[in-house]
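In what comes next, subunit A is part of two complexes: it sits with subunit B in the first one and with subunit C in the second one.
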Partner chain A sequence: MSVSELEGYHGEILRRLKTANAKVGDIVKITTMTGEVFEGALFPRSEYGDPNHIVLKLKNGYNVGIHFQRTEKIEVVGGGQKPHFTRPSPPPKQPGLPRVAIISTGGTIASRVDYRTGAVQPALTAADLASVVPELANIAEVEADILFSELSENVTPSQWKTLAEDISRRITEGVSGVVVSQGTDTMHYTAAALSFALQHLPVPVLLVGAQRSSDRPSSDAASNLTGAVAMAANADLGVVGVTMHQDLSDRYIVAHRGTRVRKCHTSRRDAFKSINSNPLARYDLHTRQIEYFESPPRRRSDHNFSLKPEFDHHAYLLKFYPGFDPQIIDAVIKAGARGLVLEGTGLGHVSKYCYDSIRNAVKNDVPVFMTSQTIWGRVDLNVYVTGRDLLNLGVVPLEDMIPETALVKLMWVLGQTRSIDKVHGLMLQPIAGEITERTTITEAA
Partner chain B sequence: MDPAALFEFNKGRAINYEADPETTCLVELDEEPPHQLNPEAVDIALTISLLLHARPMDEVHVMRKVVIDGSNTTGFQRTAIISLNGKLDADGKEIPIQQISLEEDAGRKTGEDQNAVIFRLDRLGVPLIEIATGPVINDAQEAGRVALAIGQVLRATKKVKRGLGSIRQDLNVSIRDGALIEIKGVQELDLVSKAVELEVQRQTTLLQIRDELRSRKIKPADLKEDYNDLTSLVSQSESKIVQSALKQGGTVQGVKLAGFAGLLKKELMPGIRLGTEMAKRAAFWGRVGGVFHSDELPGHGISQAEVDAIAGKLECHTSDAFVLIADSRENVLDGLRAVVERAREALVGVPEETRTANPDGTTHYMRPRPGAARMYPETDVPPVQISSDRIRQIGDNLPRMPEELAKEIGSKYDISPKLAAQLVNSEYVDTFGEITATAKDIAPSFVATVLTESMRSLARDRVPIESLEDTHLKDIFRLVAEGKTAKESVLEILKWLAMHPAANAASAIDELNLGMMGKTELKGIISKVLESHRSFVQKNGAKALGKMMNLVMAEVRGRADPRLVTELLQAELEQARG
Partner chain C sequence: MSVSELEGYHGEILRRLKTANAKVGDIVKITTMTGEVFEGALFPRSEYGDPNHIVLKLKNGYNVGIHFQRTEKIEVVGGGQKPHFTRPSPPPKQPGLPRVAIISTGGTIASRVDYRTGAVQPALTAADLASVVPELANIAEVEADILFSELSENVTPSQWKTLAEDISRRITEGVSGVVVSQGTDTMHYTAAALSFALQHLPVPVLLVGAQRSSDRPSSDAASNLTGAVAMAANADLGVVGVTMHQDLSDRYIVAHRGTRVRKCHTSRRDAFKSINSNPLARYDLHTRQIEYFESPPRRRSDHNFSLKPEFDHHAYLLKFYPGFDPQIIDAVIKAGARGLVLEGTGLGHVSKYCYDSIRNAVKNDVPVFMTSQTIWGRVDLNVYVTGRDLLNLGVVPLEDMIPETALVKLMWVLGQTRSIDKVHGLMLQPIAGEITERTTITEAA
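Our next item is the complex of A and B:
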């Protein structure tokens, strides 16, 4: 008997369940020392559950946990029912719809719940997607594939490269738009990375995820995906975006520019916000119309599309705080840093006790850039004496670029060149809307 | 998917939520993961479990019960079994308690139209303890007695708030050959037996209809899903519903129900006919309002000529009925499908469903009955182990049950067993304890009578006594004890405060002019009374006291202590004689 048949059970309970020849899913009858009888399907135990309880799913659907020291007898009285799911046939293909590629990187964009075990089964083929979100078939001819399968916190710059290459291939194949599904936690880093790696985009490349997993009726997965596919298919956008809920209602799916977006809430559906910038466009789930904010980059047919997928991960993002130990700067220089982004306070400050370490970094040909931890706003090192000191030490302020984008851009720039001058030049040169000279009132909100 | 969960998701009916920005939290909006199981709520559920002799679970697992009517922002209700296999004594009969579970209350529906449902979130997520009795209750009166007995156990915990809705009864009613019907929203205990009685009547009548259909030899296959467009036949109709549907680009379609003539008007409950049940089904599945059936036609603006034309088009014989729906095409078809399904169910008898109680004890269709398939684990809330220490501690501190408490109150305060029992069963037993502890000079039996009989009589007179706060009650008795107002005025003050709950007892006394008179004022009134009956007083001397007392009290009742009046009168009469 394999371990997975008694998932999560350990020690004495595992031994007793094995003796009873019970498997997860079997109908099991437990008689307690006091003569009570519990009958239900044996349920897998959570990986961090204590080792003392057997979990049964009773006939009425409820789970209960029974302490094994109370159990007198464990018997299997019925075989497990294999969950079965007859896949509905996908809706008929509608001729003439735009082709949209959906690339999955591990955020479970559409899934089904096995009500017996509660396990979430990913549904990832195009046919599954179409059956889970049938509206998609009316919007686009969808081709869905799994590129890799990682929780978003496990995605690394090398996977950004893989992803950028895959997207590039699909664009060359002629799709009207690309949708990338990913876990939301680091989606804005991926979006920034793709923004630099895929230049002069002829079509929209839209990242999408869900703040509420798709095993819940209230999930935002289907609505976000619908909005993303609709915009990938039809929006006049040639840019990388992140498409998620605009507010708490299930009405607008908004596309934020990949270099300007940040996850600003741990759990709300509208966690993603455009920082120092307006969003690109939004899709109205009721009217099915796309509205544009001011002049986003449009689709283009100039064949200038280029793929620059190299990233050098020897870039560091350090946040200054009261009591910050400048030895952290020394340590990352020692660890091989090739560039450093500081997240300073206010207009872009760090304490004067960091000056020596910064001077040392610059002396070691490690460029040092300044962004602000206030999230919104522009850094300016000319207002206070500390700022002027930092400029004098060689720190380069990055205008209104948000810290996460600055880090990703530095990785990308270091992937393109090792020349200090070029690194400085590229960091300040707007490439994908990451820097603007002016911030309007609506952008600052 | 589960039938209850299969609430038509994609049909575009919006769900709107009303949330108070000051009090609604992100968890309630489903914008933040749920927090851990509320330990106080678990303790209360465990207390009730032990009072009902139920066996607590060793480990409590929170489940998600799918409910897609919008009443839960998550699309599911969180629920967990706390204990199983208890029992309860209801007037000498042992009633098994199958299951005690802890749930989250759902949002309250505050409005609805064809395009949207509105729920308010102020009640969502409030811990709710569900107590399920075994299927041993045989008649409507017994249901009422069991509900009362459960209510007493709940009140014993002192965690039950006063007022409508804090204890709700969901009834499961089934009769022989009938079906299990869940009735939600019976708020008043008095309504339990009525709702059960009406449901029995409904199921009995449905079985009669089934027998009639069988004797008419109607088979499910006779009920065909042949929907006919009748728009042209009623396009000139005077029916406002038809005209309004057509104006909005809708259609009128109908279906024949073979062998149903005369049955659609059959009354299942007062005001609810088989035709009404079909219309409710059509409204649920098709979101349609304009449903007509042939047993009520001609009528509603549809003429005999139109009825004849429709019957002709649908090829109805005299034994056949038909149903028409006017709405958008998609809604009409969904509605008619629901009608045919309901008609087929009539051949079987009583369909299993969840119904909502109306204020008069009748019910209407709410949704299909859910099954076990809609339960899956709430992975965001870890299971909670219930240690034997925790159970021991709760067991050692169980609140006393009503009979025990009544006995104790009876002997401690010297009040009759009947009054003590009434007090314990009232919602005011704690308030009673607090009042008697502070207002020591007032007879406890008086306080008890006010809190039971007087409150009940006010409630009968439709005085909103639920708006009375404990502080109101305590203040009134304190003011009586301090001699600021008379015992006789208490009822009057309660009534006024119930209407003006924002005010306090002292201002009620001012407003009603029920403050005690000063001695001088009282003396003045006594002199005036004696003066106007001078000859009688002179003739009768001290013997005039009785009559004079009545006359004075008639003027000062509620504003003067009778003992003081007697005292002053005696002195005055003495003086007059002297």
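Our next item is the complex of A and C:
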């Protein structure tokens, strides 16, 4: 057996795989010290992977890394097929198509590369993309680049700034639309951030990700990317959106408004939902038509386009619950909070045991805002005595803004001004469709 | 004008209402200093109400209290009807019906009383109930009592204990079922708490509330209560549930499992949803039939029924987000946390910037558990490198348990044992349907 048949494995781990006569691509069964059994195709390891893990691709499509010290027994149970690493050549560019910039920041969607490294260390080139989704070449002239490679849970507000600046540069260069690939975990936070940072957008800026990697039969990577690029190229939208599966049918890729979207399932392809609003538009993968919901913001001439990429991370989001310890509020004030979003219950309540800490926050010039952990609906502090108490303490209710967007908006607002009055004013001023004016509560609502 | 026509108002406020020639029940228009205009029926004030507010019942059904110092102008714009406070006599008891205990703890559902006091200071007697919902007398022999009167956002874990003890006493006395009326804000937390505290339940224990008070045309108070009492009396359930509207049709009252339910809208009647599970059963208000979903826990002989009402409030729930300050974790450890539930992103992730604080928590014998802020779905720390890192740090993923239930369970588990190993074991052991064994991830899931 040649070493290349166990590509990337070293030392003790290589010795044990050789002893078991295992080759990359073989179906291998590993029994651990604690009696767990894993069966799947043996992966090659890249230099990025943790050298102490054997990586298997399980039948359910997920990759698993098993520390070799946990390994009791390794058996080859079937000769697999060596995964093919050769890429088809990208199809030739077609002149005259709209230019679309794809900016890669990481995540499952770039998982063809993930497949080769055996870990989510995403990277994406135009050639990768074209070979994963050859039909993109018929839709747009794609310019793909890697801006950074980060699991989305590690993306920070300062990276939102970097991303907003990069997108702004691409727009100024004249692209017809921008697609940002990112991990889905915090994609809705990034989408909200870009919605505030990129104002009067002349073209669509669409975030896209995948819930299942592209080497799984049920992957949504190619279809999501196709929908995103098609809408970035052609949709009459001047707004930030999140483009993912509408449902499990594999027919519609829907664009949700960046400030109104939330990941509502850990693993489903249709995990992203528009909250308290309709989506912007959807792309029909069969007919290739774009359909609009209500009246989304349209493309416009770009002379008002402005970049406001500053975020102040001294904003805190705290979720209230029975038994909530008000000391947490005191602690974040002490830690230097410049603003606080509460995720209250129901119409926007916290217990009376929090009043002293809230009063103290307001006294320390920390503005306090109220949202609801119900997620759907609108807060209203005028219905119950608790709400009125909170208003009297100076808490500002954020209408139908979802908590995640409220937090991101507060970071952005604090990046624009340090005046408390201006912070209050900006938080309640609709900037990117994140808040709708209160209307009479109807029974159907 | 007699003073009784302005019942409950005093001092300056009484003087101004007299000047405006306003009587209780009149349609009054109030213009505030800041130009806001409120129009609605003038309420009488009770001794419980804040004496500085004029209370109007708005056309949309909500009550609003306006501080008299904010009042610029008071006009009578229509003679209203004096709300009638006379109660119909409760219908005579019918012998032979199942006995159902109704325990009132507060909230909107007792809003006939709210209507009289002009503020949510709930109180409920059997006579009140029978007059609000006369048909209850045909369903069960109702024994109603007030245990406490608390807005649900103020209910504490120690009140869960009081409530569990009271329910246990009623069950031992031989009732066929128990209904607990509570405010809806934290009803799902209470339901989870009772699910763990009342084990091997012989009869149904159903929480009920209302999203709209009983004096509004669209009120759900009577129908929710009817459904709850009917199911408490007759449903073959031995489990804690939350009984509220299934949808907006006013036909079905659905019982959600206490550990699987969540308030998902600030104001809709069908705000409560079963998460990651089917509801238990539903009551058809038209046909009066009960229909079961799958196989809920059934009534059983009560010799195994046990009360375990201790909760330790030193459990904390923290929601992660981009820019999350790990100092919050340090602060709760310092504040005396004995356990921590994280609401991570996606499959159950937090950023690498939190690793040190998590390591420190675990080192301080504070068990750390992972749930997901997506709400729906199952956490899985084996898919991505972040998850594997968190496992290595000692974080325990809680499968498909929702964050709110996980927090309540942790409070309950810490009330049973201080052994870290036992805490870990109990948290993963299914006790009240709160967690389901991991199955192969199917594409439809």
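A few points about this structure:
Please note the rule applied: the second predicted complex is superposed on the first by the 334 of 445 C-alpha atoms of A that agree within 3 Å, B and C clash if a C-alpha of one lies under 4 Å from a C-alpha of the other, contacts with A are read in each partner's own complex, and residues count from 1 in each chain.
Rule of thumb we're sticking to: contacts are C-beta pairs under 8 Å (C-beta built on N, C-alpha and C of every residue); 3 or more make two chains touch, one makes a residue touch a chain.
Because the structure is a prediction, the values reported are computed rather than measured.
Look at A:Ser351: by the touch rule set out above, it reaches subunit C but stays clear of subunit B.
When both complexes are overlaid on chain A, the residue A:Ala331 reaches subunit C alone and has no touch with subunit B.
Once chain A of one complex is fitted onto chain A of the other, the partner contacts of A:Ser152 are limited to subunit C, with no touch recorded for subunit B. Once the two complexes are overlaid on the shared chain, A:Leu248 sits against subunit B and subunit C alike. Touch criterion met: A:Asp380 reaches subunit C, while subunit B stays clear of it. Within the superposed three-chain model, A:Arg268 lies in touch with subunit B and with subunit C [touch as defined at top].
When the shared chain is aligned, subunit C comes close enough to touch A:Asp185, but subunit B does not. In the superposition on chain A, A:Lys319 contacts subunit C only, with no contact to subunit B. Comparing subunit B with subunit C, the partner in contact with more residues of subunit A is C. Residues 50, 60, 62-65, 218, 248, 266-268 of subunit A lie in contact with subunit B in one complex and with subunit C in the other. On subunit A, the positions that touch subunit B within their shared complex are 36, 43, 46, 49-50, 52-53, 55, 57-67, 70, 113, 115, 118, 134-135, 212, 215-218, 248, 266-269. Here subunit C touches subunit A in the complex through residues 50, 53, 60-65, 119-120, 151-157, 160, 183-186, 189-190, 218, 248, 263-268, 271, 311, 313, 315-323, 325, 327-328, 331-332, 335, 343-353, 372, 374-380, 382-386, 388, 404, 407-408, 411, 440-441, 443-445, going by the rule given at the top.
Looking at the complex, you find that subunit B touches subunit A at residues 5, 9-10, 26, 29-33, 55, 57-61, 63-66, 68, 73-76, 79-81, 84-85, 99, 101, 371-377, 379, 382-383, 385.
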